[in-house]
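In the two assemblies presented below, chain A is common to both, partnered first by chain B and then by chain C.
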Partner chain A sequence: MKRSNHVGSRLFIGLVFLFLYLPIFLLIIFSFNAGDSSAVWKGFSLDWYAALFQNRLIMESLYTTLLVSLLATAIATAAGTFAAIGLYSLSKRRRDALLVVNDIPMMNADIVTGVSLCLFFVAFFQGWGAFAQWFNGVQDVVELPVRLTLGFGTMLLAHIAFNIPYVILNVAPKLRQMDKNLVDAAQDLGCTWMQAFWKVILPEIKPGIVSGALIAFTMSIDDFVISYFTAGSSTSTLAMRIYSMTKKRITPEVNAVSTLLFLSVLALLVLNNVREVRQQRRAERQEIREPSFFERLSMRFSQPALRWARRGAAAALACGFIVAVALLTGATYSQPVVNVCSWGEYIDEDLITQFEDQTGIRVNYQTAESNEALYSLLKSGGADYDVIVPSDYMISQLIEEGMLEELDYSQIPNFELIDPRFRGLPYDPENKYTVPYSWGTLGLIYNANMVDEEPDSWGALYDSQYAGSVLLINNSRDALGAALLHLGYSVNTTDEAQIREAFELIAGASRRGVFQGKVMDQVFQKMEGGNAAIATYYAGDYLSMLDNQADGVDLRYVIPEEGANWFVDAMCVLKGAPHYDNALAWINFIASTDANLANMDYIWYASPNTQALEEYPAYYEELYGEELDPELYEIMAAPPEVLERCEMYLALPPATRALYNSLWIELGI
Partner chain B sequence: MSKELIRLRDCVMSYGDEVVLDHINLYINDKEFLTLLGPSGCGKTTTLRIIGGFLSPTAGDVFFDGVRMNDIPPHKRAVNTVFQRYALFPHLNVFENVAFGLRIPKADRDGRKVKLPEREIHQRVMEMLEVVNLKGFEKRPVSALSGGQQQRVAIARALVNRPKVLLLDEPLGALDMRLRKDMQIELKRIQQEMEITFIYVTHDQEEALAMSDTVVVMDGGRIQQIGTPEDIYNEPKNAFVADFIGESNIIDGIMRADGVVEIFNRRFQCLDKGFEKDEPVDVVIRPEDVDIVDEAAGQLRGTVTAVTFKGMQYDTIVDFYGFKWLIQTTDYCPVDSRIGIKIDPDGIHVMKKSQYSGMFGDYSSYSEEYEELDVAEPEDGEEDGSREGGYEE
Partner chain C sequence: MRNKRGWFAFPYVIWMALFVVIPIVIMAVYAFTVADPATNATQASLDNFTDMGVYLSVFLRSFWLAILATLVCLLVGYPVSYWMAKEGPRFQRVAMALIMLPMWMNFLLRTYSWMSILENNGLLNQLFRAVGLLDLLGVDHIQMIGTSGAVVLGMVYNYLPFMILPIYSVIVKLDGSLLEAARDLGADSARVFSKVIFPLSLPGILSGVTMVFVPSVSTFAISNLLGGGNQMMLGDLIELQFLGGAYNPHLGAAVSMVMMAVVVVCMVVMNHFGEGEEQAVML
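Our next item is the complex of A and B:
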């Protein structure tokens, strides 16, 4: 009995560790995959690492990550150490209370910390703006900047803020262990408090400070959520960059960068643990430490020389930091920039480099999750993008709310290349605010091997025979839109009864267990792998799925007979954009035929550029040496007669939007 | 004892409602060995910390050489301290611990910061290590030393700075009995050799009596008595002092006339004068001042209730009319025997009634008291120390 227990517990531990580490091993292994799949092994290669180091966006974000982590660690370590010492000069009751307060930010959800810091900064900037305006008005000696925005500085402050508790947590036990009389003794022997700090407290609590700093550094490098909310529109950390690279599917390049991140954090933790173990052993044996290499080195120098050497080292370090910060901020401030916010994997990144080379304008390229996420980000004031690429209905909402700047089309000659079909659309009837970026349809995607008869109606989404294998799109507008179309209503209806009827259709199917889940980006993995039979998604993404479908999966795309939604994403400039002219230059560049061809090929969404639409099949043939399947091209760029059957979303009145929201929340799943 | 060096005038220390020191007035002479003696929480450590500059009195003044020092921080006072648990710097070896104070640049007469030359530091540290018998230990890490050796390092570290006053906060508290006795002699020798003032805090009355020129007995934040060890022992001012210093039987009495005191309705000859007629008083009789005689010849008669052999003498507890006395004699009297006692006039000490009257002096619970003393004492100082618990002055 006992013996079997023993085996059982070993097995259990083995399973736990397998569960913890197997995914990471897989990730590491596939970072060396020669193919571009994260599931099929095609041989060993370091190509993805090479690609990684040549990717400017990744290298830049790595640099940002290291800089913010180092600076935040240095500052938080100093601040946290003194804070801990301060805590220990309080009465025990107050100290314990404050230590609990110190624990809260560490246990607090990152998202709460991130959002609250973001809101705090924005509120401060508003207050500052008012103050600066007044101040600049009453004097003209100093000109204060009126408009402050989220950026490297705010992210640094955020990192410092969340790092400090970790430093305190590590330093506090060392202070508790320290004989309090030591400080008294040092002062008694002639030290000022500061001298006592350097000569006695610091050597005593140094192990705590070092491990605090290491943990702070690790937390900083690791952080995604807090950075995401405080980095603003011009800064990205490595974690943020990786996240934006995983929008559709995870390429081994993501594996490679994640592997490097994992290994460096692992190295730091190992370093810290080894240090602690050594200290414990030393303490147990009460032995005096062998002088380290640096200490032996320093013994060779006379005291004054050593002091100068130390000062020199400190000065060099400080200079290094200043230069690094200057480089970073200088790069941001002296070079012309444009801040672009688009969607994940929605551009051929070579275009960014091309644009920068041509114009000397630096592009800070960031991505948002959805139209709604972008909207709330803009509303919170936490972003100062120049160019955004929202969808049609969101554009009309933004125009209605006066959040967009009119465009100076004289600076966008390439606007002439946009097909008249995509100008003056309902969301911007006079075409004063937008230049279309791409367009497409939202249809049914199904796996022909998993359905009995090929569906040509939205009704398939609610059909009990497909129970458990339908993916509902996780977006209230699209999900309810399909249901409205199926019932024969307009996608833009404001009739509450119709909307509720559409909702009931979905809710009923949900109760019958038709839906496997609500998905957005996960749709790729599920459909490609044959884990679901039917989904609603965009034509361009269907094509990209087609490229990656597993064996035995036969994905098809159909515009159901009831019609479908067709959409346009268009570039707009935000009101008060700080780099208006650069924004127009960017828009003009993207509107060009070459850029449209490149994008079309990369993202598989149709271009609004007449020439690009015409030339793409030839472009494809030249590039890949094979003919573009005309049927596929029709799916990508729906012909006019199909578009006829499709309806574009219009902005809904607030009451209807609220209804959508509440229904969507009610649905759950 | 020559010139006055330190004076505390009306020093009060309170934390909120809690009064730790209640109007302390005290002066300390140059080259004096002065001991602050009292039980836990009596205010002795607080007094020491005020002198050391680690605490500022809530009210009252501290003078060094006639100069008010209330707000002078510790590092600017010509005072050094030996801390209760030595407070040696764990990251430094013996030599560097002792050299610590010498390495801090000090302002010279013109106010410029000067560093001592390395050669002088070396010489002074080695001299000091010799004084405390630690030659040859200079390279050792302090954590590798025994308690007694650490104690010596702590003393050397303080004395190497040539302070005018050395403060010692229960320096022998952590040592075992034998080492303690040795260190007492050692400390006294060092004090005489260095010719400086020692202010010594302890709860151990034997230690205080053995080493001090002057003993200050404290309780409840007040000074109960200041005097030479002989004065304190022979002429305790109140029941507290009488009980705290040595063993005492403290009995209620009435002063019938100069030189005549009445105990248990019997009149005894004594040497005390100046009390009012029929004034109620406390009478202290030291256990060794009582002679046991035949029952018939005794001034008082009682029954032996307990006998303990103590080597030098027997501790005999005798019941007189329900009040139990401790008598120390070389004569053995068996339990339950009836005896008489005689007390010479100089064995009787009469004290005015005080707040401590009736609290001490009855030996009904003698043996338990012994045990309690053993358990209770080492905690002293903890309480004093934890209250401020800070790093700032």
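Our next item is the complex of A and C:
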């Protein structure tokens, strides 16, 4: 009876462990996959590990993650230990009150902590900006930076802030258990207070400090939400990088980096366990241990005669540490930099390296999910980008709100290469702020093997016969735009009744279960893998899906009979950009014909560069040894007669934008 | 002499004021003001709270899914902790390490691996196809990703350790003589469990429940990745107002305030049961 119970319980525990570890093992197995799918096994290879070390974005974010976790743990452990000692010498009433505040970050939902810290930093930066301006005005000895932004520093502060409570909570019980008379006894025997601290208190509470540090480190490594809200735009932890990758296409390099992380932690744990077991055995055998080298060293150093040497050494160490950190940060910051924010998979990454080699300017390349998300990021003060690549309607909105800097076109000679068709467009009529990056159309993408008849109307998006296999585009402008076109209205209408009618069309379809989901970049995996039948997306992305479609998937692209939207994405510089000249250098580089050809080939969006547009078919033929399908080329670079049927988005007045926002949220709930 | 050490607490008090109290005050200021979209001028208002009725379904869904996840965690986690505590020290040490280990991989990595398992063309559906289950049911795939079930699964998977660890640490410290006494007094094992072990492990359960419930109710990454954007939760609503497509930090702050109120209620309950939470985090 007893025995079988034992087996049963172990079986249950085993099953739970299987549940915990099966996904991790799958992750590890697929890191050795020769193919790039995380569901289809194509043979063993180590390619992804090789690719991982080449992948700058992932390696940088791994480094950021480790650095922020280690620094936050070290600082929080020291600060938390002292705070705990301090708290325990206060009266119980005061201590309890403070401990309640101490509990707040631990108990609060991560997102609340993240949001409140984000708002705090932004408010502080605003206050600081005003102060610095005033201060720089009244004196000119010291020049204070006026513009502060979220970044590594704020993320580190946030990590320290949520780590300290855990340290205190682990150290506090040890302090409570400690015999208070020990310190008095040590002092009676002639210890100074410092000595008593090092020799009596610290050894007593050491287990608490160690477990506190361990938990702080775990929390830091595991954190995503708080970093997400406090890191701003120019720093990414590994988790943030993966989060933005899950929106598009996750490469197995992520599996490789997870495997390495997992194995190193596993190794550490095993080592630690073995050590503990050994120590226990030794203790059981009452074996007297020879003091280790470090212990002998520290014993020698703790002799009173060496007090000054000791203090000197400590001071030197501290100074060394500070200097090292300053040098390191200085080295990264003194190098010229340009912060670029664009869309996911929207550049041939070789171009970044080329630019860096040519100019010595480091490119900090980040991505945003949509124009609206980019706008939020800019408004919340979280961004310190120099160059952004928003779409037409967002550009006019940004210009209207005075958020863009005028460009010095004398530094962008390649602007001459931009086709006149794409200059002076309605979003920037005098062309003072922008250099076009790419252009294209928004249309219907469908899997011909999953639809009965080929759709040629936006109506297909709301058709019950495709229930469960339609993907709604996850941004209000495009989703409502398609519905407006289907109803025969302008995509730029400000008539609330028309917009509401369009919304009802979408909401009705949503209630009937037509939509499988609202997606942006996830559309790639869904359509390529045959997981959905119809989607709205951009022509260029359709072409890159074609390259990756799975067996049995036959993707087609159509501009519906009601017409569609055509758009231009253009590079702009944000007002007060910290690296204005570098930004112009980057823009000029990207506007060149070579860069446009490379980009066109990589992202499949049409270029606004006249030469590139003309030369591309020849470039393609030379590169791949086969002719470019003219039909595909027309999808990429829509001919004038198609563009005529398409309408460009214009900036909407604030009231209409607010309506779009609230309708959009209503749809989600 | 002891008062001298009281100064050690002073920097931390300032730190807490700066990084805990003031941020929450600022958040409250945001929550109780609205911005005029045209002029960007702010004014005090309760609109953020009074208009929240629209999001009732988001609130209900969040709480419902979080409660489900917490229950599942409790039902799975309690037996695991209980049986673990009964095993030998060696088994316990290894099991503890195995429970902690996944936490050193970021939870997004773990959630991502579930994505590839649950996709329509994912591993699980491939398995079902291979064993003929899909043909049997006459469907092309079983829809798993994008459902509320997937979101609950993701929460259980990520937060189960938070349930196991506090319960385990309470049970393992139970005084064995109490159990003996109960048995000597004639209780069978069911009664020993229901009258002695279970009541004494309540603090662990409570802290486990909060430690699972709070992150579950506020998650946005899990619902985003596994819910396919169909399962909007409170976390998504907040994220949408700050870094997502609908910029309105005032509303986001207001929803956060409501979430904080929930947490405060949890804290009050916890404080009522005293020691529970400290044991929880001490592991």
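We take it that the second predicted complex is superposed on the first by the 534 of 669 C-alpha atoms of A that agree within 3 Å, B and C clash if a C-alpha of one lies under 4 Å from a C-alpha of the other, contacts with A are read in each partner's own complex, and residues count from 1 in each chain.
The rule is short, and it goes like this: contacts are C-beta pairs under 8 Å (C-beta built on N, C-alpha and C of every residue); 3 or more make two chains touch, one makes a residue touch a chain.
Bear in mind the structure is a predicted one, so any value in this text is a computation, not a measurement.
K.L.:
Going by the contact rule set out at the top, does A:F262 touch chain B (first), chain C (second), both, or neither?
P.N.:
The second partner, chain C, only.
K.L.:
Using the superposition on chain A described above, determine whether A:V254 touches chain B (first), chain C (second), both, or neither.
P.N.:
So A:V254 only meets chain C here.
K.L.:
Between chain B (first) and chain C (second), which does A:R281 come into contact with in this model arrangement: first, second, both, or neither?
P.N.:
neither
K.L.:
Of the partners chain B and chain C, which touch A:D188 in the superposed model: first, second, both, neither?
P.N.:
So A:D188 only meets chain B here.
K.L.:
Can A:A161 be said to touch chain B (first), chain C (second), both, or neither?
P.N.:
second
K.L.:
Looking only at contacts as defined up top, I'd like to know whether chain B or chain C touches more of chain A.
P.N.:
Touched residues of chain A are more numerous for C.
K.L.:
What is the contact status of A:M106 with respect to chain B (first) and chain C (second): first, second, both, or neither?
P.N.:
In the superposition, A:M106 touches chain C alone.
K.L.:
After the superposition on A, what does A:S89 contact: first (chain B), second (chain C), both or neither?
P.N.:
both
K.L.:
Looking at A:P203 after the superposition, I want to know if it touches chain B, chain C, both of them or none. Which is it: first, second, both, neither?
P.N.:
First partner only, chain B.
K.L.:
For chain A, which residues belong to both interfaces, chain B and chain C?
P.N.:
Shared contact residues on chain A (touching chain B in one complex, chain C in the other): 85, 88-90, 184, 187, 193.
K.L.:
Mind pulling up the chain C residues that touch chain A in the complex?
P.N.:
These residues of chain C touch chain A: 1-13, 15-16, 19-24, 26-27, 30, 37-38, 54-55, 57-58, 76, 79-80, 83-84, 86-87, 93-95, 97-110, 112-117, 119-123, 126, 143, 146, 157, 160-161, 210, 214-215, 217-218, 220-221, 225, 228-230, 232, 235-240, 242-249, 252-253, 256, 259-260, 263, 266-267, 270, 277-278, 281-283.
K.L.:
Show me the residue ranges of chain A that touch chain C in the complex, using the header's touch definition.
P.N.:
9-10, 12-13, 16-17, 19-21, 23-24, 26-27, 30, 38-39, 65, 79, 82-83, 85-90, 98, 101-112, 115-120, 123, 157-158, 161, 164, 166, 169-170, 172-173, 184, 187, 193, 211, 215, 218, 221-225, 228-229, 238-239, 242-243, 246, 250, 254, 258, 261-262, 265-266, 269, 273, 276, 370, 372-373, 375-377, 379-380, 382, 468, 474-476, 515-519, 522, 525, 529-531, 550, 654-655, 657-658, 661-662, 664-666, 668-669
K.L.:
Quick one: which bits of chain B touch chain A in the complex? Just the residue numbers, please.
P.N.:
Residues 52-54, 73-75, 79-81, 83-85, 87-91, 93, 100-101, 104, 106, 141, 143-144, 157-158, 161, 385-386, 389-393 of chain B touch chain A in their complex.
K.L.:
Write out the stretch or stretches of chain A touching chain B in their complex.
P.N.:
85, 88-92, 179-193, 195-196, 199-201, 203-204, 286-288
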